[in-house]
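First chain A sits with chain B, and in the next complex the same chain sits with chain C.
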Partner chain A sequence: MANIDELRRIVKEIVDREDVKYVIGYEKGTYGFRVSPSFAFTPEDVEKFIFSPLCVHNLAVYPHLEEKLPLKRNEKEDTRKIGIIVKGCDSRAVAQIIQEKGLDREDVVLIGVPCTGVIDLKKINARCPHLMYGEVREENGNFIITAEGDTHRIPKEELLCDVCTQCENPNPILYDVLIGEEVESKKEDYQKVKTLEKKSLEEKWKYWEKKFDRCIRCYACRNGCPLCYCEECMVDNLSPQWVRRSVTISENTAWNIMRAYHLAGRCVGCGQCERACPMDIPLMELNKKLEKDVKELFDYQAGTEEEPVLAVFSPDDPEEFVL
Partner chain B sequence: MNEAKDEMNEFEPNIVAFLCNWCSYAGADLAGTSRMKYPPNVRVIRVMCSGRVNPMFVINALQQGADGVLIAGCHPGDCHYVQGNYYTRRRMAVLKRLLEYIGIEPERVQMAWVSASEGQKFADVIKEITEKVKKVGPQHHFRRRNVWRI
Partner chain C sequence: MEEMIIRKEKFHDLVERALKEYTVVAPVDNEGVVLFRRIATPSELTLEFSNTKIPAKSILFQQTETLFTFSQRESVTIDVPEDSEKVLLLGIRPCDAQSLAVLDHVFAGELEDPYVKKRENTVLIGLSCLAPEINCFCTSVGGSPFSAEYTDIQLTDIGENYYIEAKTDKGKKVLDGMSDLFRPATEEDTEKKKELEKKALDAMKRRMDTDDIVDRLENMFESSYWRKIALKCLGCAACTYACPTCHCFDMLDESAVARGARVRVWDSCMYPEYTRQASGYNPRPERMNRIRNRVYHKFNYYPKNWDIIACVGCGRCISVCPVNIDIIDVINRTCEAEP
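And now, the complex of A and B:
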C-alpha cells in the first residue's frame, strides 16, 4: 500500500494545478470501519485524505455522477480536469469508459496506486463483531486492526474481498502518476463459476431462483457500478417498459439478466455491485461468468483492448450453436 | 384453447421467431408459397435485420409466455446491412451461455441462418426447434404470473 505522506504531497501538487478542478480520494468515514469518498478542491482539503486496505470504493463512478447545472448567461463551461485516485481495477474501469468514449483521456488525471487487495467489511464484522471503530493497516501478509486501544493481527486471506484474492490487474494500467511500487499479480481460475457450471440445469435454476427472489430492486448495483453510466437506464425507461416495477421472480430475473448482460465484456471485476447489494446476491458470480465466456469465445479482456467486444466482430467467430 | 390442449394432454409450445426482412422472412414466405408443411407453433415477428434483435427482446418474449425463441438472419457475409448478423452472432453466443448458467435450457433460444431461397431449410429449422422445445417442456422459470389478459 502506498505511503500516505507521498500520496498527500502528490495530490496537493495536482490540486494546485490550474487545469484541475478537484481530486477524488478517500477519507475516514463516520461510522464503523467505513471509509468514504472525499473531494479535494484545495490543497488544505488533501490533509484528510487517507489510503488503507479499507478503501474499497471504485472512484471511477464519480465523473459521471457529477451534476452539470445549466450555464448562466455569459458563463463558460468548466472544462477543467478531474483527478481520481485509482487502484488496479479502477484504472481498468476508467480505461474501459475511455474506450467507449464515455470520457476523454484529457478530462481526467489519474493517480495510480498499486493495490494489494481491499478488505470485505462484511467479513470484518463477522470475524470481530465486538469491534465497532478502528483502523487497518497491512504488514507482512497480515492485516493489523487497531481498535479501542487493542491491536488484532489477522491473516490477510481471511478478510480479503473475494474478487481481490484472484486479482489479475492489481497495478493500474492507465495512470499519470504512480505512487508506490508495483505488486505481483495473481491468477484468476474462475473456480466458483466452474463449480456452478457443472451442476444440472435444475440445480442452477434453484440456486439462482433463491438469490433473485431476495432482490428488492433498489438498483444499488447499478448505481455503484462505474460502467453503468447510461444517461437513461433501460430499467427506468417507461416506453417501452422493458422490466416492470413489481418485485416478482419474473421481473427480478429479467432485471438481473439485463444488468449482467449489459456488462458482458465490460465488467472490470471491482466487485462494487456485490458490495453495494443490501440483499447479498452474488452478482460477481454472474459477472465473472460473462468475463470468462468473453475470454473463451473472443479472447478479450475488459479495459485492455481498443474496441468494446460486442461492438466489433470477426468473420470467424464461433457459431457451432447456429442451427 | 388452453383447456383443449390439456385434454389432448400434449404440450404445444409457443415459439417466437424473429425473422430478418431480407432473407429469413422471404425464406418463410417461400416455404408458404411452396406449400411446405411445418409446425404451426411459431409466431413470426419481422425485423429489418437480425442485428435489430436486442437480447432483451428474447428475455421479454420468455417472460410473456414464449417457450422458445428463434432468431433467424441472412448467412454471414450476405447481410443486407453488410455486418448486422455478425454482431447478432456475438451477442447470442454470450446470451445463450448466460441463460444456461442461470438454469434456462439452452434449447429455448436458437439461432439459424436462412436465406431467401431456403424455404425447405426454414421448414426444417421450425420442425427442429419445435421438437426440441417440446422435449424440454413449458418455460415456467420466469414467466409473468397473475397478469391481466386483455
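And now, the complex of A and C:
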C-alpha cells in the first residue's frame, strides 16, 4: 500500500500545476467502512485524501461524467487535465478508453498506485456489522480492522473482492507517476466460470433467472462502469426501442446480456458494476466468461494491448464460429 | 384497540387462513435479497430481516404497471384491467408504512390512479423494528421503529410470541374468526414490548437535523454546495428506485404488430432524459440540477405543499449509493454551506 504522506505530497504538486483542473482520489466516507471518491481542486483539498484497502472505486469512470455545457459567447473550453489515482485495473480502464479514442492520453495525469486488493464491503459488513466508523490496514496477509475501540485481525482472503483474489494486473500499466513498490501478480484460473460452463442449458437458465428477476434496471452497473461511455446507451433510445422499459424477466435478461456482450474484450475486470448493483446480481460472472473467451480465442486482454480486439485482425484468428 | 398475543409457531396458521381471503404479499428471501413478493404458502415468507431492499411502495405503485391493453383487427379494442384484488401486505416496516401516507398526496387527486384502488384494497400488517440498520434515521423525520401509526395491524416480535395490535376495522376484519389463535396480551407482554422499543430507539445511531430545513434550503438554491455533491454522483437511479417516497414515472406504449399495452414504469429524476424536452433543451442539464431537485422535492417543496417531509428515514438511498452520497450528511451540512 502506498505511503499516504508521499501520496498527498505528490498529488498536491499535481493539483498545483497550471495545466491540471483537479485530481480525483479517495476520502473517508460518512459511515461504516465506506470510502468516497474525492475531488481536489487545491492543495488544501488533498489533505483529506486517503488510500486503504477500502478504496474500492474505479475512478476512471469520472472523466466521461464531466458535464460540458454549451460555451457562452467568448468563453473558451477548459482543456486542462484531470488527475486520477489509478490502481492496476483502473489504469487498464484508462488505457482501454484511450485505445478506443474515448480519451486522449494528454487529457489525464495518472497517479499510479500498486494494489494488493480491495475489500468487498458486503463481506466486511457481514463480519463487523452496525459500526459507525471503521478503518482497515494490511499487515502480513491479514486485514487489521480498527473500529469503535476494537481491533480485529481477519485473513485477507476472507474479505477480498472476488475479482482481486486472482488479479493478474495489480500494478498500474499506464501512469505518469508511480507511488509505492510494485507488487506480485496472481493468476486467474476462471474456476467459477468453468463450473458454470459445465452446467446444462436448463441449469444455467435456472441460475440466472433468479438473478435477473430481481434487477430493477437502475443502471448503476452501467453508470459505474468506466467502459460504459456510449453517448447514448441503447436502453435510453425510444425510437427504436431496443429494450422495453417494462421491468420483466425477459427485458431484464436482454439488458444484462446485451451489456455483457457490449463489454466483451473491453471489460477490465475491476468489478465496479457488481459492487454498484443494489440487487446483488453477480455481474462479474458474465463478464469473466467473456473475458475468458476473448483470451482463449484471440490471446487478448483488455487494456493491456496496443489496439482494441475488434479493431485488429490476424490471419491466425480462429474462425470456428463462422458458419 | 385490541392487543393480543400469538405464539410464533401459530403464525403460519394465521397466514394460511388469510390466504383463503386475500392475496398475501410478504417479505421473501431471494438469495439473501429480501423483497416483497406474492406468496402461495406461509413457508415462503421471512420475518427475519432488517428491511426489504425495495420498499413496499412497489406493491401499490408498481415498477411496471399495465394501464390498458389495445388491439386492432377490424376495429380497435381497449381493455382496462380490472383491479379488485384484496391484498394483505404483511411485514411492512414503520418507515414504509409512513411513506404510503406521503404518496397518498400525490396519487389521491381528482383523477383515479390505479394506486388509489390498490390502497383501498390493501390491508397493512406492520412489523416493528427491533434492530435498526446503521443508516436508519426514522426518528429524525417523525417516525419511530415501533410506530403503528400508519398500519392496520401491528406485529412486534417479543421473543417466542408476536404481540398483535389490531387497530383499524380493516385490520380487525382480517383477524375475524381467528380468536382461537390468540390470547389477550398481559401486562408482562406489554412491558416486554416497551423494553424492546427502548432498545430499538437506543440502537438508532444516526440523526438528521431537520430543524428549519425548509427555510435553510430556501436560501441556498444557487449555492455551489450542490455542484460539489454532484461531482461524484454517477447519475444512476439506485437512490430513487430504492426510495419509498420517490414516485416519478413515465408512460409509454409497448406494442407488437396489432396489439400492445400502455405501461407505466418508474422513472428517475436522476436521469438526464427525465427532463429532456422534444426540442433537445433540458432544463436540468447537469447532475447538480438533478440532485438539488431531488433534495428540494423531499425537504422543501413537499413540506411546503403538504406539510410533511417526503423522507421517512429508511436509509436505503444511503446504503445503495455506490459513491457514498449520504442524504443525512447532505442535509446536516446545509448549515455550513454558503448561500
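The rule is simple: the second predicted complex is superposed on the first by the 315 of 323 C-alpha atoms of A that agree within 3 Å, B and C clash if a C-alpha of one lies under 4 Å from a C-alpha of the other, contacts with A are read in each partner's own complex, and residues count from 1 in each chain.
The rule is short, and it goes like this: a residue touches a chain if its C-beta (ideal position, glycine included) is under 8 Å from a C-beta of that chain, and two chains touch if they have at least 3 such contacts.
Computed from a predicted structure; not experimentally measured.
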item	value
Partner chain(s) touched by A:Ile98 [first = chain B, second = chain C, both, neither]	neither
First, second, both or neither for A:Ile173, with chain B first and chain C second	neither
First, second, both or neither for A:Cys128, with chain B first and chain C second	neither
Contacts of A:Ile154 with chain B and chain C, given as first, second, both or neither	neither
Touched partner set for A:Ile50, first chain B, second chain C, both or neither	neither
Touching partner for A:Tyr207 - first (chain B), second (chain C), both, neither	first
Contacts of A:Thr248 with chain B and chain C, given as first, second, both or neither	both
Partner chain in contact with A:Leu69 - chain B first, chain C second, else both or neither	second
Touching partner for A:Arg34 - first (chain B), second (chain C), both, neither	second
Chain A positions touched by chain B in one structure and by chain C in the second	244, 248
Touching residues (chain side chain C, partner chain A) in the complex	30-33, 35, 53-54, 63-64, 131, 133-135, 203, 205-206, 228, 231-232, 234-238, 240-242, 250, 252, 254, 263, 265-266, 268, 271, 273, 285-287, 318, 320, 322-324, 326, 328-329
Chain A residues touching chain B - in the complex, by the definition given at the top	193, 196-197, 201-209, 234, 242, 244, 248-251, 253-254, 257-258, 260-261, 264-265, 286, 289-290, 293-294, 297-298, 309-311, 313-315, 317-319, 321-323
Complex interface listing, chain A residues touching chain C	29-32, 34-39, 57, 61-62, 65, 67, 69, 129-132, 210-211, 213-214, 216-220, 222-224, 236, 238, 241, 244-248, 272, 275-276, 278-280
Interfacial residue positions of chain B with respect to chain A in the complex	55-56, 59-60, 63, 76-77, 83, 86-87, 89-106, 110-113, 125, 128-129, 141-145
